[in-house]
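In the two complexes below, chain A is the common chain; its partner is chain B in one and chain C in the other.
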Partner chain A sequence: MSQELTVSAVRSTAEQHRVHVQVDLLAIPLVVLLFAAVFSFQFALLVGDWDYWIDWRDRRWWPLVTPLALTILPAVFSYFLWERLRLPLAATLTILALTAAAWVSRYLNFHLFANFPMNMVWPSAYIGLGLIVDCILLLTGSFFWTGLLGGFAFAVLLYPMNWPLLAPFQVPLELHGTMLTVSDLMGFEYVRTAIPEYVRIIEQSTLRTFGEAVTPLTAVFAGFLNIMNFWFWTWIGYLGSKALWIRKIV
Partner chain B sequence: MTTSVEASDDAHDRALRAPWKAFFGMLAFAAAVFAAYRIYQHETAFTFGLDYFNPEFATYWMSVLYSELAIEVLLGIAIVGYLWITRDRNLDKITPSEELRRYLVLMSQLLMFGAIAYVVTSIYTESDAAWHQVTVRDTDFTPTHIGLFYFGVPVFILSVLTAFVYARTRIPAFAKRVSLPFALLVAGPVMIMPNLGFNEWGHTFFYAEELFAAPIHWGFVLLGWATFAAGGLLVQILTRVVQLTQVVSSADVQQTNIKSEAAANAELNAAA
Partner chain C sequence: MMNRLISWACAALIVLSSFTVAIESAEAHGERAQMPQLRMRSVHWFDVNVSTVDMQINDIVKVTGSFMPSKYWPEHVQSIEKTAFLNIGVPGPSFVRLDSRVNGVPMIRSTAFMKGERYNFEVTLKARKVGRYHVHPVINVEGTGPIIGPGLWVDVGGDEAAFENSATTLLGQTIDLETYGLRNAAFWSALWFVIGLAWFAYWLSKCPIVVPRFKRVDELGVVNADKIITTTDRRVGFVFLVLTLSLVTGSYMYTQEKWPITTPLQTGKVEVPPLEAESMPLKVRLTDARYRIPGRSFRMELEVTNSGDSPVTVGEFAAGNLRFINSAVLQVTPKDEDDLIAADALRVEGGSVAPGETRTIVVYADDALWETQRMTTMIASPDALVAGLLFFFDANGERYPVEVGGMMIPEFV
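What follows is the complex of A and B.
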């Protein structure tokens, strides 16, 4: 093709360097902004209230729903950043972008706009999970092992990583003769429109009456699911980074 | 629009820089508009936006809806129309430095799209999540929906559509063929609007509560995932930028000219 035979637009290595710096200044913020945008969007619509509210971070759905949705972008963009640029950064960078966007949004929207206390709507801590996945990818250089070990650890460690932040809200208290947690009480004080739906979801089945094994059981189950989840989304990342051209759309 | 084959030193120098002045000017304008909208929403959503049947709702919110829709349609027609009318009809004659300049313009447009996408899909989207958790709505046109779906999303669509049409009308590789990742990047945001129709229909009939992770919202997620194709688009852009910024010796240039001539002769022979 004649385009590929075109001579260069630069006259020296200094000019080449100048252009590459310009490209970096455009591409890097673009990638970070897109990470923040897409991750916030899909996390809001797949996890949403499980991460918005302290009383929704329960032991049954939160440790299952969250890692499955949280793995998507790290897996997709791990393929792009590792295969194309040899950067083992995707998981940390995407989750960092999500976390920064979440803090801005919780403060502006949930606190300033809708008047919920920040203590009730702070974003959970996920950056450590991204670091683990990226470290495993760096050490193994393999998506198979990253999915197997990183995907599993990602889900299993979600609850323990947040436990220091969550623990004060899980302290039991007695209110009018009924035992409940601090976070439950906050939830009852700030009734939201989705609470009836949440109660319908969370009160199903016998799991709620089980003892202390519920959280580890959920975490391990989520870990096994997340292995396949990671592999699947890595494959989507492979498809997404294909530079395909077509003659016409229809 | 025509292009000169020989680029002056000034033009050559400009070609090596992204259009930062224009970019930051547009960014400041967009930030001012989105911030002003947000302040208006903050001041009037809970005071005049709770009851659709209140006359004040029509004054403070429906008027905003009608105005913004009209402005967006006119702006869209103007931008796309301008890009089409002023399209480059001599794309096979542009210089490498001009082509490089256009790639940098395209990337700055995509960066603008990224900034708008962040504001819309994070801040504006979650203002809707917060709103619907504290109000039971009586209309599809809530203050946050008017901000998100009828202001934010159309602007978001317009920003990526601008970049797409710019590439189709001014950059040879994108004019000759359709970039599938770019087409997906445009199609995802565009398809949010039909999905919004389904969403509102569902909320009207069978799902009034605003559990944000509800299945009725998952269509939006699927469309948001169209952005995963951005990786493929970046590969396409960067591949060409690397070709355009290779440092070549005069011997290489001579060799390239010989190849070009040979390719042209081959084309002529094939045509004969």
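What follows is the complex of A and C.
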């Protein structure tokens, strides 16, 4: 009769600590790289030109499309890291990884390879949005409140958070009898053969706006949408963390 | 040993020839990829020229010419009469576009062009990057894509570091468009990076975090898992939340103070009136068009009525950016090695058409260009319609461009 013996490979607390540190050293950089890669791909697909070019960051579409796409991975991974590790870190970390990858990509691909000036293609600032979500999750411990407050603030604050970077590019100037912003002028002068002027999906008229409050209205609308958006993607995170599909396969 | 040397030599040859193929295909940059019937029936470009072919950084080159949207524009392709934009086909911003005009109207925004009307264009470019560029005029048509015109090679030399591009805002500030606003954007981005990294570092400071926290959460269960969060964690979270909200508010207010006057991005369409129609003494009808594949020969039978006071004859046929020249009427030399001109490839049977006369003439455009520029696949078109621009010349050398189009029958033997 054979007897099965279970013997731990770790023989002391210090050794266990070392093993745990080694797991961190391996897992955390891998997770950061994974976040950077997955988020860059997803963001390029769903936001793309709105974040690539300064002459796409308008008052109507950019603040609406961006938070809805930007919330997806922070919400999914927030659920996982909070439920499994009680770490309110996923939103900040995913956006940090995305932003770092974006700066590298804009510099190497857009600036060095494609020759666009860096001031035409810098990535927007979103890291603060991740911080708001993480801090609210930490303080409330609730995905309901995080979605309601954090999801809303995430979309509402996107434009004001970027305004310090963007405002200098929306100063008006004149070119051949036409008023343009500095962004428009750069979009016109720095030739993009595959991106004609009409391709830009930006605000086109003021007829449907409420007075002059285009940006606040867009932001609040985006905020309300983003509450549900955040909850939905948290639910997806919940499904993913249960890994039901793996159990069905294995 | 000898066999091995031969093998290595063969391998090197294959690698080298693959580079050659790659370079050749890169030089073609896609003009030939467009379907021939689209090239023949979208935009007819003519008189395309560049003011200089050899320039230095900061030098100016003007790309000029004319175009006529085809009356035979394909039904299944979104019309140029809706939304279009005059563009320039160069690899990235190797030039900056200082001005762009169609019939004198600035083409900063999009517009619409009418079929069958004639437009003159002028694009002013400033050299920014050193290199050799095939410069094309392009019209981007919404829902259709780029309709590329003839290209000409331009060489740019000099020192890229010396490139200058400035503008003056309506507030009187002169800015360098190459660097303007970058330091500011980098500063705010770096600040957010620091704060984000500080948050990350706070949680990393609890290292090891993955396995111990996973085990602890598992032990405590869903209800009690929050016990893992300490009071310090909550305090730090509160501080970061307040810091973030304060920074957003403060930086927004600071920016409003610093740049009080801004405008939204500008867009819209402008109207470009076509050129006034020149007096046209000719009526031309394409009665028969055949493309003979083995001979790469395009034959057109035309009924021409001349109501002018001078005999006219065909000097040129232009279709899909290819130019077939009747050397008896016109002497044209290619501007460079890729200028798509067949200088002696147009043959006219039936002679010139006298004033007041209606006559049938037959025009042959025979050249390998049909094959090399992949125009022979016009026989694969679902509607077998072709179009092109005929240039008639009278005895005084006056030129009359007339568009002809209609059904084409392929001949296989």
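Just so it is clear, the second predicted complex is superposed on the first by the 216 of 250 C-alpha atoms of A that agree within 3 Å, B and C clash if a C-alpha of one lies under 4 Å from a C-alpha of the other, contacts with A are read in each partner's own complex, and residues count from 1 in each chain.
Going forward, a contact is a pair of C-beta atoms (placed from the backbone, for glycine too) under 8 Å apart; a residue touches a chain by one contact, two chains touch by 3 or more.
None of these values were measured; they are calculated from a predicted model.
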Counting only touches as set out at the top, which of chain B and chain C does A:Val38 meet: first, second, both, neither? first
Who does A:Ala27 touch here: chain B (first), chain C (second), both, or neither? both
After lining up the shared chain so the two structures overlap, which partner does A:Ser241 touch, if you call chain B first and chain C second: first, second, both or neither? first
Look at A:Trp103 in the shared chain and tell me whether it touches chain B only, chain C only, both, or neither; answer first, second, both or neither. second
Which superposed partner A:Ala114 touches (first chain B, second chain C, both, neither): both
If we overlay the two complexes on their shared chain A, which of chain B and chain C does A:Asp58 touch? Say first, second, both or neither. second
On the A-aligned overlay, A:Leu131 touches which partner chain: chain B = first, chain C = second, or both, or neither? second
So in the superposed three-chain picture, is A:Arg84 touching just chain B, just chain C, both, or none of them (first/second/both/neither)? both
Which of the two partners, first being chain B and second being chain C, lies in contact with A:Glu197: first, second, both, or neither? both
If I apply the document's touch criterion, which positions on chain A are contacted by chain B in one structure and by chain C in the other? 19-20, 23, 27, 84, 114-116, 192-194, 196-198
What residues of chain B sit close enough to touch chain A in their complex? 12, 15-18, 38, 41-42, 45, 92, 95-97, 99-100, 104, 107-108, 110-111, 114-115, 117-118, 120-123, 125-127, 129-136, 172-173, 177-181, 183, 209-214, 217-218, 220-221, 224-225, 227-236, 238-239, 241, 243-248, 252-253, 256, 259-260, 263-264
For chain A, which residues count as touching chain B in their complex? 2-13, 15-16, 18-20, 22-23, 25-27, 29-31, 33-34, 36-38, 40-42, 44-50, 52, 65, 76-77, 80, 84, 101, 104-106, 108-110, 112-116, 192-194, 196-198, 236-237, 240-249
Residue positions on chain C within touch of chain A in the complex are 83-85, 87-90, 92-100, 106, 108-110, 125, 128-129, 138, 140, 142, 146, 165, 167-171, 173, 175, 177-182, 184-186, 188-189, 192-193, 195-197, 199-200, 203-204, 207-214, 216-217, 222, 225-226, 228-229, 233-234, 237-238, 240-241, 244-245, 247-249, 251-252, 254-256, 258-259, 261-268
Once bound in the complex, which stretches of chain A touch chain C? 17, 19-21, 23-24, 27-28, 55, 57-59, 83-89, 92-93, 95-96, 99-100, 103, 114-119, 122-123, 125, 127-128, 130-132, 134-136, 138-139, 141, 157, 160-161, 163-165, 167-186, 188-194, 196-200, 202-204, 214
